[in-house]
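Listed next: structures, encoded as structure tokens.
Both complexes shown next keep subunit A, but they swap its partner, so subunit B is in the first and subunit C is in the second.
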Partner chain A sequence: MEFLQPATWREALEAKSAHHEAVPIFGGTDVMVEMNFDRRRPGYVLDLTRVPEIQVWERENGKFRVGAGVTYTRIITDLKNELPALAMASRTVGSPQIRNRGTVGGNLGTSSPAGDALPPLYASDAEVELASVEGIRRVPVGEFVTGPKRNVLRREELIWGFIIPEAEGPQQYAKIGTRNAMVIAVCSFGLALHPARRKVGTCIGSAAPTPVRAKEAEEFIEGVLAEGDLWETRGAISEAALRRFGEMVEMSARPISDVRGTAEYRRRAVGVLARRTLSWAWAEYRDGR
Partner chain B sequence: MTRAETIPTTPTRERPETPVSTPGRVGESTTRADGVPKVTGEFEYSSDLWMDGMLYGATLRSPHPHANIWSVDTSEAEAVPGIFAVLTHEDVPGRKVCGMEVPDQPVLAWERVRYQGEPIALVAADHPETARRALEKISVEYEVLDPITDAEEAMREDTPKLHLSGNLLRHIHVVHGDVDTAEADVVVEGEYEVGMQDQAFLGPESGLAVPDGRGGVDLYISTQWLHIDRDQVAESLGLEPDQVRLHLSGVGGAFGGREDLSMQIHSCLLALHTGRPVKMMYNREESFYGHVHRHPARMRYEHGATRDGKLVYIKARLVFDGGAYASSSNAVCLNAGTFACGPYDVPNALVDSYMLYTNNPPCGAMRGFGAVQVCFAHEAQMDKLAKALGMDPVELRIKNAIKPGDRFPFGQEVPPPAPVAELLERLKAMPMPEEEDITGRDLRRLPGGVSNVTHGEGVRRGVGYAVGYKNVGFSAGFDDYSTAKVTLSVEGGEPLVRVHTAAAEVGQGIVTLEAQIARTELGVNKIAVLPADTSIDSAGSTSASRQSYVTGAAVKAACEAVREKVFARVREEFGEDPDGLSIEDGNVVAEGHGIVVPLAELLDGEEIGELVKYRHKPTYPLDENGQGDAHVQFAFAAQRAIVEVDEELGLVRVVEVATTQDVGKAMNPQALEGQIEGGIAQGLGLALLEEIQVKEGRIQNASFTDYLLPTILDMPPVKMEILELADPDAPYGLKGVGEPPTIASTPAIVAALRDATGRELNRVPVKPEHIVGISGPTGQPPQPGSRGPAAERA
Partner chain C sequence: MRLSCTVNGEKREVENVWEGESLLYVLRERMGLYGSKNACEQGECGSCSVYLDGTLVCSCLVLAGQAEGCEILTVEGLAEDERLHPVQEAFVEAGAVQCGFCTPGFVVATHDLLQRNITPSEAEIREALAGNLCRCTGYEKILDAVRLAAERMAAS
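What follows is the complex of A and B.
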């Protein structure tokens, strides 16, 4: 196994261009598990931890451009007010040690339906920035992930990072795990209110082959909010509407049964999470937050 | 095969130095010598062993739970550069099978494999990765057979036999009184199931075998019992026992999972074959295949009682899945059969405990074995009975609590102390924790923890009680002894006591305790506990909560023998009557007139050493009706669990566990607290999280990603009240303490969940699905009266 250790982003792209089969590694919290269990024996490993350019985040026209090497710990400490759902999701990742090493970039690279950081990215219409020596392209996260552990990353490309709008309103993230910490999602749900646009963003995690937005539920609740003039009045959402929202989220899920839980449980649980997270986010909105 | 030119004799990174421990006598919370090194990462576990020129061993395992082996071709693997040996069953020079109770397990499989993960071949290489790759070059021709994966199926007459002896590995039949004529006003029935728990010790199986150049071998190893390993290794290597020397290395937890052999024979085979030291170390995934697990059980119960809540009879039919090989299944089956009714005075009982061979992973020893499974069932039954009677569940238990002089259903008289009612009364009186407002709470104090699933929605509180008990020490006629050598000498002008036993320190603290005992008995501050090895006779197993009792007694007796010699010398030289003598701070002191002579002076350069073998009073096997004085000591614990459960999501937070336990004597209070908290954590794991999921004989979750252990956020604070009622037969009156907490906590937590949700919850671990009522127990209930030997007697 060859170990490539570029010192700059340019060098990293060149290395990837020269060795398409090279597996990029940053925190190693996914890659090393696969290698230790002998499920993967890459010919080249491309260590990105010495590349400074991807370990920064910056503000760019009301959006955040976050490098693939920004750890969960830094998301939690640096961006908890600006990107609350992503910070909440980051808090549920692994243990402190894992959060100190793991990155959202890695979560994107793995493209697991259970990736904790993905639902918040979907709910806020984030884009993934992909780069090669030829140039860069931006792909909406929902188009980036194409299946379980599959994405549109080309073999000569690396993930630079992602671009996500600053929260325009309350956001929530909730995750089911059988254990009360350090657990892979049985299922999860991310939600973002966009009061300026009168929109509600959602995403179901770990209950379909990819993270999926609950489009019908979004449209339904947007209709309820518009009809009742609730964005303006900041009035309460009826219990019936909350329930219906949960049911519609359930209908968008396409879960399977596996060692972590049954399909039926996952379906029901995402409905409960949807109802609860909407009620919390709406309560925040009503409080003027 | 290449042979090494020079053979080093001991590992270059040796075991930790003999700790000379800090002050502390029996009854004091002394600091563990291995505590700081473990916390700072400096402690050397067996997986850290290293030696110049050593090779790495690896194991080829069967991917099939059941198959015939038609051929094994190792030629391609042998040709891999860096490979020093490829071995199969043909290379086992001695007995080709091993096993603690029944030698029924091939050292390396031939003709047939009976479980997924069964070892077939070994390689030794100069690099672990080379070894792993060579394994892939061994080709095995299998004929895959249908696995027998259900214990009830295994019991049927027409099911193929997995062993010559048949599929029924053990049957315990206990008849007490007459259940047929017993008349009850109220009857409750229930069926219960326990999933396959794993010991999940953190230090994987590992060790280093070093050939001695004279045909023998030294093995540095993590184990629970050096001598039973030594005997099995010698037998399979075709060597005399004294040619195989075992040295205890740093053990990273055991909980029963290190009672059976894992890589002991394998590494020695490779070492003797190559003439080089060979290290073997399983990774986490292999570890799940490399040791036995807790027996899954299906249990059917019927309890009859009078209207005022006196038990009239209990009928129980217990079916255990022993997996492919015997391991300690015999003892598990015996324990389950004898403890099936709980610590209650039951006038009539009929218990049938069956142990079956299947093609599932082999099951064997795990903390509380046999008692854990039945306690989950009998305590659920007591709650069910209380409900049917409209009685308080604790009152019902107190009313039926067994007491000294009563007889257990297996005929043995209950020895004192047996304070079951007192434990329950005190538990009931312990204050409940203050209930925190549900709104505005830190997420970490809500079900689901940091995952942010509830801010109080759907959360209900429940309280549950359970009491459990178990034997301490080996039972049913086993010659259960320990050996200790205690030597008093003078070093650097100061008296020093060396204590040598073969007792395996697996984290429980026996090393600390041995020093405490020596310090107490001999009045000397400096104590060195020598490394455990097979140069001294057996200490017996570090299991069945027995080391403090049995090895503790051996050390105490050896100290007493040394002390007698000291006093005899004092009488000789000073004319002092030994009756008035004691040793304090290294001086022989006579009652009333102070120091007679310092030990340093008395010994004058000589040593006084005594070797003692200690046996507890004998036990006896059960007769055909399951009657007999089978056990030597009984330990009891009662627990109360408080849970909060999210009814809509099925997620749980255990708020508090309170416990009362009779320990006879708190030898080291801090270590005792550790045992109780650790035991509760393991019981909590079984209640809510821990299960090896097996489908068609295959493990589905052989990793810590999907085999979930409780974290610190899952583990509640524990309130404890310790009773010290001395057992007149035991050293210092002590009782074994390691297992009772694990036994009672699972049923207490599930009882609390039932209280909160109103659901039946008759299977552990309880999954979120079960709490929200999506699916019932996964197991099919046994069909009464339709099957083989069970039907005849049930």
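What follows is the complex of A and C.
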């Protein structure tokens, strides 16, 4: 095994270009588990922790560019008001030790349907930036992840970061697990209100082969809000509409049964989470937040 | 490969480190620092907790080369000469140690918490220790120890 430790982003891209088989590592919270258990024995490991360029975030025209190497702990402390759903999701990841090392870049790299950082990215139409020595391409997160632990990253590419619009309204993230910490989601749900565009973004986690948006439910609730003039009046959403929203989210789920939960439970639970997160976010909106 | 880093204030250099091993392995098997414990090697138990450049991490999830040039503080580095750190004293006095296997990890994680927040709430204590498992104590005595350490450190 060879250990590569580039000091700049340019060097990192060159190393990946020279060694397509190199496995990138940042926080190691996925990679090291595989290596410690001998499930993975790569010829080259490419350590990205010395690359300063991916460990920063910046604001550009109402959007954030967050480097692949920004840890969950930093997202929670730096961006809790600007990216509330992502910060909430980050708070549910593992433990302090895991959040201190783990990154959204690594969560994207792993592309697990249970990855907690992913639903907030979907709900806000984030784009992933993929780079090689040839240049950078941007891919909507929903096209980046193609299946369980599969994505469109090419062998010569690295994840440079992601672009996500600053929250323009209340956002929520909720997750079901057997305890409050250190759990992989049984299922989860992310929601973002976009009042300026009169849109509602959603995403179901851990109840389909990839995170999935609940498109029909989004359109349904956008219709309810428009019809009742609720964006303007900040009036209440009816119980019936909230319930219907939850049911429509359930229909978008494609869950499986596994050790963490049955398909039936997951489907039911995402509907409940959807109804709750919408009512919480709408209550915030009504309060003028 | 060769690895150089500073461990508990002392410059250390070790030869023949295999590229695929963890910092935990280096600390225990190459440096003889057996305080950090190896239990799960998958980030679940926290018994291998150390500081890496001031940040609390699971050393089993740090690849050896990632520690090159870094400052590492392990449980062995918390006491000053013969005097235990107040967190260590509190664990002893509160009876927070049974078999002791989880103790180094809990001590380091508690040290990290109290460094950031000397008056933690009950919820903050539980959150800070969520990544550490104990199979013996049932946690109550550990929570007592954290409260005791916090009181004493705040008073001094």
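We take it that the second predicted complex is superposed on the first by the 289 of 289 C-alpha atoms of A that agree within 3 Å, B and C clash if a C-alpha of one lies under 4 Å from a C-alpha of the other, contacts with A are read in each partner's own complex, and residues count from 1 in each chain.
In this section, a residue touches a chain if its C-beta (ideal position, glycine included) is under 8 Å from a C-beta of that chain, and two chains touch if they have at least 3 such contacts.
Keep in mind it's a predicted model, so treat the numbers as computed, not measured.
Colleague: Considering only touches as defined above, state whether A:280 meets subunit B (first), subunit C (second), both or neither.
Modeller: Only subunit B is touched by A:280; subunit C is not.
Colleague: According to the stated criteria, A:181 is in contact with first (subunit B), second (subunit C), both, or neither; which is it?
Modeller: So A:181 meets both subunit B and subunit C here.
Colleague: After lining up the shared chain so the two structures overlap, which partner does A:27 touch, if you call subunit B first and subunit C second: first, second, both or neither?
Modeller: A:27 sits against subunit C, while subunit B stays out of touch.
Colleague: Kindly classify A:256 by the partners it touches after superposition: subunit B alone (first), subunit C alone (second), both, or neither?
Modeller: Neither partner.
Colleague: Considering only the touch criterion stated at the top, classify A:92 as touching first (subunit B), second (subunit C), both, or neither.
Modeller: first
Colleague: Could you tell me if A:101 is touching subunit B, subunit C, both of them or neither one (first, second, both, neither)?
Modeller: Second partner only, subunit C.
Colleague: Check whether A:35 is in contact with subunit B, with subunit C, with both or with neither, and answer first, second, both or neither.
Modeller: second
Colleague: Contacts for A:133 in the overlay, against subunit B (first) and subunit C (second): which applies, first, second, both or neither?
Modeller: Neither: A:133 stays clear of subunit B and subunit C.
Colleague: Applying the document's definition of touch, where does A:152 land relative to subunit B and subunit C: first, second, both, or neither?
Modeller: Touch partners of A:152: none, neither subunit B nor subunit C.
Colleague: Let me check the overlay on chain A: which residues of subunit A are in contact with subunit B and also with subunit C?
Modeller: 33, 36-37, 180-182.
Colleague: Residues of subunit B touching subunit A in their complex?
Modeller: 132, 283, 285, 444, 447-455, 457-458, 648-651, 653, 688-689, 693, 700-701, 703, 705-706, 708, 710-714, 767-769, 772, 774-775
Colleague: Give every residue of subunit A touching subunit C within the complex, in rising order.
Modeller: 1-3, 5, 25, 27-29, 31-33, 35-37, 41, 45, 47, 49, 94-98, 100-101, 180-182
Colleague: For subunit C, which residues count as touching subunit A in their complex?
Modeller: Residues 1, 18-20, 22, 41-44, 46, 49, 55-58, 60-63, 65-66, 68, 109, 112, 127-128, 130-132 of subunit C touch subunit A in their complex.
Colleague: Which residues of subunit A touch subunit B once you look at their complex with the stated criterion?
Modeller: Touch residues, subunit A against subunit B: 33, 36-38, 88, 91-92, 172-184, 186, 259-262, 264-265, 268-269, 272-273, 276, 280.
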